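What follows are several structures.
Same chain, two partners: chain A is paired with chain B first, then with chain C.
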Partner chain A sequence: MSVLVFSLIHLVRGDPIRLALGTRFSQETYDALRERSGLDLPLVQQYLTWAGRAVTGDLGVSFRSGDTVTSLIAERLPATLTLALASLLVALVIALPLGMLSALHPRSLVDRLATVVSQFGISVPDFWLSIMLILVFAGTLGWLPSGGYVPLTEDPLGWLQRLVLPAVATGVVSGSVITRFVRSSMLEALGSDHVRTAQAKGVPTRQVLTWHVLRNALLPLVTVTGVQLAYLLSGVVVVEIVFSWPGLGQLAYQAVRDRDFPVLQGAVLLFALVFLVINLLVDLLYSRIDPRIARR
Partner chain B sequence: MTAPVLEVEDLRVDLRTPRGTAHVVNGLSYTVGAGETVAVVGESGSGKSVSVLALLGLLPARTATVTGRALLDGEDLLTMSPERLRQVRGPGVGMVFQDPMTSLNPVLTVGRQLTEGLRAHGTPSKAAARARAVELLGEVGLPDPGRAVDRYPHELSGGMRQRVVIAIALSNSPSLLIADEATTALDVTVQAQILDLVERLRTEHGTGVVWITHDLGVVAGIADRVLVMYGGRCVEDGTVDDVLERPVHPYTRGLLGALPDLATDDDADLATIPGTPPPPTDLPPGCVFWPRCPVRGDTRCETEQPPLAVVGAGGRALPHRAATWCAEREAS
Partner chain C sequence: MRTNRLLPLAAAAALVLPACGGGESVDTGGGGGGGGDNTLIAAVSAEPDQFDPHVTNAYASFQVLENVYDTLVVPSAEDLTMQPSLAESWTTSPDQLTWTFTLRDGVTFHDGSEFDSADVVYSYRRIIDEDLSNAYRFATVADVQAPDPRTVVITVTRPTPNLLELIGSFKGMAIVSENAAEEFDLQSEANGTGPFQLESSDANGTVLTAYEDYWGGAPTIDGVEFRYITEASSALTALRNGEVQWTDNVPPQNVADLEGDEEVELGSVTSVEYFYMSMNYQVPPFDNRDVRRAIATAIDRDEVTQAARFGAAQTNQTAIPEGSPYYLDYAPFTPDQDAARRLIEQAGVQTPLTMGLMVTDEYPETVAAAQVIASQLEPIGIDVEIQEEDFATWLDRQSQGDFDAFMLSWIGNIDPADFYENQHLSTGGSNYQKYSNPQVDDLLTRAATEVDPTARKDLYDQAARIIVDDVSYLYLYNPDEVQAWVPGLTGYQVRADAAINFETVELP
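Now for the complex of A and B:
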């Protein structure tokens, strides 16, 4: 994984030193900087040095600002975490009731409406949705700010106001995907024999739905929610840029623009790590949900 | 015969399908007395399972239309309020389904699935329900019920799971037990144990039993009466002896002829009934068996539906009846 990230980044054209120095600089300064950042060494050696440090948690220093990459990431992490969790909340608030209602009344009006809404959510590009939200709620109606970020500790209301639009923009997309899964996994559970057994026992409907339908529909749901969370956590690049949200997506974007290799490598490595960790968590959660998977 | 536990009268079930309305059950009538076992036999697709699912309102309401009457201890199951029907499921009718591999919830313990049914019908405390669950598992012959109660279905064998399903069906001491192909998925030794178990419970508790199967060996072993279904209709019914020893309907004769007989011919071909049952979306106007019938001895067969009429000696409490024009012809 890290090899792939490293090679891909170095394939990008453009000289980071030249970009960092601007237009007027002497050859000596250029060479000195190049040597200091290790860019004059062969690529394999560069990789080994970087990887060696990375495993100890040292991701190097930004070409651009001179700050350590870890500090840059740590600085951006709260904003991304906030947005990811808020988006997931929006997604689940949309997906759970909508998916359940459609599964309980297949081919009804609610179901058809939910299909249209989720199809729209899946197809619409998130940047377009972001811009539309800004135009309507920040522009025409003027209810909410168009972007930016303030920490919760400084200004709770401002924090919330600035969070709403980006969270909705990303949440609608994730929510649409999850809605589909809720519907299909609930329908599958509803049609299973053991639900009929439960009904034949004379268990009240509400209990049948919670313990025999929802409980069994949970497994695929956890999987897709995990994937969505990983996607949200690895920085929703476009949405962060549209809303000037100072998260990891924006950091990665700036790093690409500036050819700031260490920062970009660090960010991408972190995204990969997020996917791995979330997948692991989902797997661990499985064994809590389904006794057939549990270790003996 | 004692007062009937279940009286089904002119039960009809239509299912809406993409290929038109399927007439799955067409005017089925039968009674089950207390402590009596009625076997319902027939091929796959003859409407056996649907007819009992309809009794408990377990068919999808969107596509199924159920008419007729089904009196359980005098109360009509088909017109009950959903809440009353829920109360009846369990204490009124216990049901055992065909496949023990899928009819238990894989993510809940056996105990949980048993106590759930008990608590839905008035066993108030968790502890009491659990104690009763252990007792029930012991009754159906599960070894070490105290530990089995905390196991998940996947930790038990097929036979053990079916015992659990039976324990669930019996947990609220129902007046009627419906077993839908309950032993079909099990191997023969386990099947025999389950049959013994049901037989014991029937004699001890006086439960009426409806046993749906296509296994005539099982029928001979446990049933008092037999009802042969074809194309959603009852084509012949009577005591086990009447139907198995002196079958009248060509279909019943065909079914019995299709049984391999170990005692006689070793090389003889197994008799089969040529063709397949008619699609329930397109039933023939006359006798439902006419298209496959080897006899076709009457002009009315093709056009006129034969009524279910008494054959042989009349005037008995349990008459032998068959819906065929052939019987009349043979008698005359």
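Now for the complex of A and C:
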């Protein structure tokens, strides 16, 4: 995995030293910086040094800022966590009621409306939605700030005000994806034999829904929510940029542009880790929801 | 230090029950404030990579450093001629090989220590000995000495009439305190002599506070908070609703709209930056002077400028903008497609021919300009294949000579040596097009050591005419530097070198 990350990054065209030095410099300056950055060493040796340090938690030092990669990531992690969780909250608040309503009343007006809304959410480009939100809510109406980030501990209100728009921008997209899963998995559960049996036995509708339908519909929902969360945690680059949200996505994006290999390697490794951990959590959650899986 | 000026209750009301009516300003005090009411909040488009003036090359870093550090001499805001700063005066020896600088008295660094000649020697030696970014600026410098605390002597190996510009044109040549690199973490801290001190910096912004003992008099504002807003529409919205008071994130397409906007004041000046197209002398048929001249004749610069900058630029067939003391009024090409076609025929080149034109999204206006150039060259039998690359790849291909033609700009030029030497000397480090004309080499070499200003300008003018005629660079335009601020903000001047200086700013 780390070999793949390392080699892919180094395969990309572009010289970090030339990028760091700008357009005018002497050969001596170039050579000196290359040596300081350790880029004059053979690639295998660069990898071994990096991997050796990485297992101890030392991800190296940014070519550009001279800060350690771990400190750069740590600085941006709170912002990314905040936005990811808030977006997920928005997504679920949209998706659960909308998905359930349309599953309970298939082909009704509500269902059709929900389909249109979620289709819109999936297809609308997030940068466009973000800019529209800013123009309307920060510009025309002047209700909310246009962007930025303040830690919760410093200014709870400012934190919340700045969180609303980016969370909605990303939450609408994730929520639309989840809505469709909620609808289809509920429909599937509604049509299954045990639900028909329960209904035939005269089990009250509310009980049928919570015990027989929702519980079964929950499985695919947990999977897709996990995937969405992992996606949100890897930093939503475009939304972060538009809202000046200092998260991991911006960090990784800038690192790509600068060919700042240590930062990029650290970020990609972290994203990979996030996916692994979330998948693990989703699997563990499965057995809690559905005891049949645990017994298997 | 950070303040929340709203009561929680009122705050909740503001969030839940927003005030009616549009355009009301949002509370900004809650958001990562950097001081009191008298702090300027400036939206810049990128985050500084680091703050070591001798190491960084990022414009975003220099926007901050401009306000924190000083140089021995400094370009005037009006015409960029070199003015006294940390050096009060200077003399040159009759043989022009020794420059003696008398330093200003009563200057202190932000840590309280006194500024003297040892700081200058330390700063310059650091750049030279460690081969840092701007070491090339000392190419002719043999030695830097401090015979007494108020005097610095720079000896050069040959007359260097542009020495002042080399050591003063931007804060990359800043004077740091002696041993600063050992005593401070210069990547994140600063100890300068400038009007503001670097207070803190993180992913949210950079905070400067006024330095009360600044030798030029303390600034009137309490400090500056830089916020990074990459997206221009976000920056302009923040300016309109009062979250920020100043921004340079003004794309050319917005200029016309903003001019009629009462909520925003615009400042604009033709900058010393220039955009150009360069063709590869190693790739036929672009080695053919007639082909290059045909292309230069087919291109209508007004149309290019309109598309790339929405008119916010001055077209120019040379590099140096009108208004500079070194400006040369020379425009030999008139857009004429018939004449261009005749030149191509005269060159005996088979048409249609294909020209790859390499541009980068790092400079979006080059992409727009390339499209217009493609449409202008098509009628004369040249198919332009626009190759859009990310900047890292672009630079790679440029340095390897892997291109037919490319577009880019040069910034930060003040002296004519900056405009021509590196780009058009046959040995020039940035002569990627591989232009070689002995006459130009001779003129530029003589100009580099010519100490009589009139004779020097004349030599550069001669060289420039040949460079334009040969189409070593196909010069297009000097863009306007456009910045915007809230009405009532005074004491600020947009500069042709795009340096951002808040020393004398007063808030409304």
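Just so it is clear, the second predicted complex is superposed on the first by the 282 of 296 C-alpha atoms of A that agree within 3 Å, B and C clash if a C-alpha of one lies under 4 Å from a C-alpha of the other, contacts with A are read in each partner's own complex, and residues count from 1 in each chain.
Everything that follows uses one rule, which is that a residue touches a chain if its C-beta (ideal position, glycine included) is under 8 Å from a C-beta of that chain, and two chains touch if they have at least 3 such contacts.
The model shown is predicted, which means the values in this text are computed figures rather than measured ones.
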- Quick one: on chain A, after the overlay, do chain B and chain C clash, or do they fit? Just give me the call. fit
- Message: Contact-wise, after the overlay, does A:Trp128 reach chain B, chain C, both or neither (first, second, both, neither)?
- Response: neither
- Task: Kindly classify A:Phe120 by the partners it touches after superposition: chain B alone (first), chain C alone (second), both, or neither?
- Result: neither
- Query: More residues of chain A in touch with chain C or with chain B?
  - Reply: C
- Message: Quick check for you: in the superposed arrangement, does A:Arg215 touch first (chain B), second (chain C), both or neither?
- Response: first
- First (chain B), second (chain C), both or neither: which does A:Arg64 touch? second
- Query: Looking at the overlay, does A:Ser244 come into contact with chain B only (first), chain C only (second), both, or neither?
  - Reply: second
- Message: Can you work out, in whole Å, how close the C-alpha atoms of chain B and chain C get once everything is superposed?
- Response: 42
- Query: Touching chain B and also chain C: which chain A residues?
  - Reply: none
- Message: Could you list, by residue number, the parts of chain C that touch chain A in their complex?
- Response: 2, 4, 6, 8, 11-12, 14-15, 18-19, 22-28, 30-32, 47, 49-50, 52, 57-58, 130-133, 135-136, 139, 187-188, 202-205, 227-231, 233-234, 237-238, 240-241, 243, 362, 390-393, 395-396, 399, 410, 422, 429-430
- In the complex, the residues of chain B that touch chain A are 56, 58, 82, 86-91, 93-95, 97, 99, 102-109, 113, 116-117, 120-121, 152, 154, 165, 168-169, 171-172
- Item | In the complex with chain B, residue positions of chain A that touch it | 192-194, 196-205, 207, 211-212, 215-216, 289-292
- Query: Can you list the chain A residues touching chain C in their complex?
  - Reply: 12-16, 18-26, 28-29, 31-33, 64-67, 75-76, 79, 131, 134-135, 138-150, 154-158, 160-162, 241-244, 246, 250-251, 254, 257-259
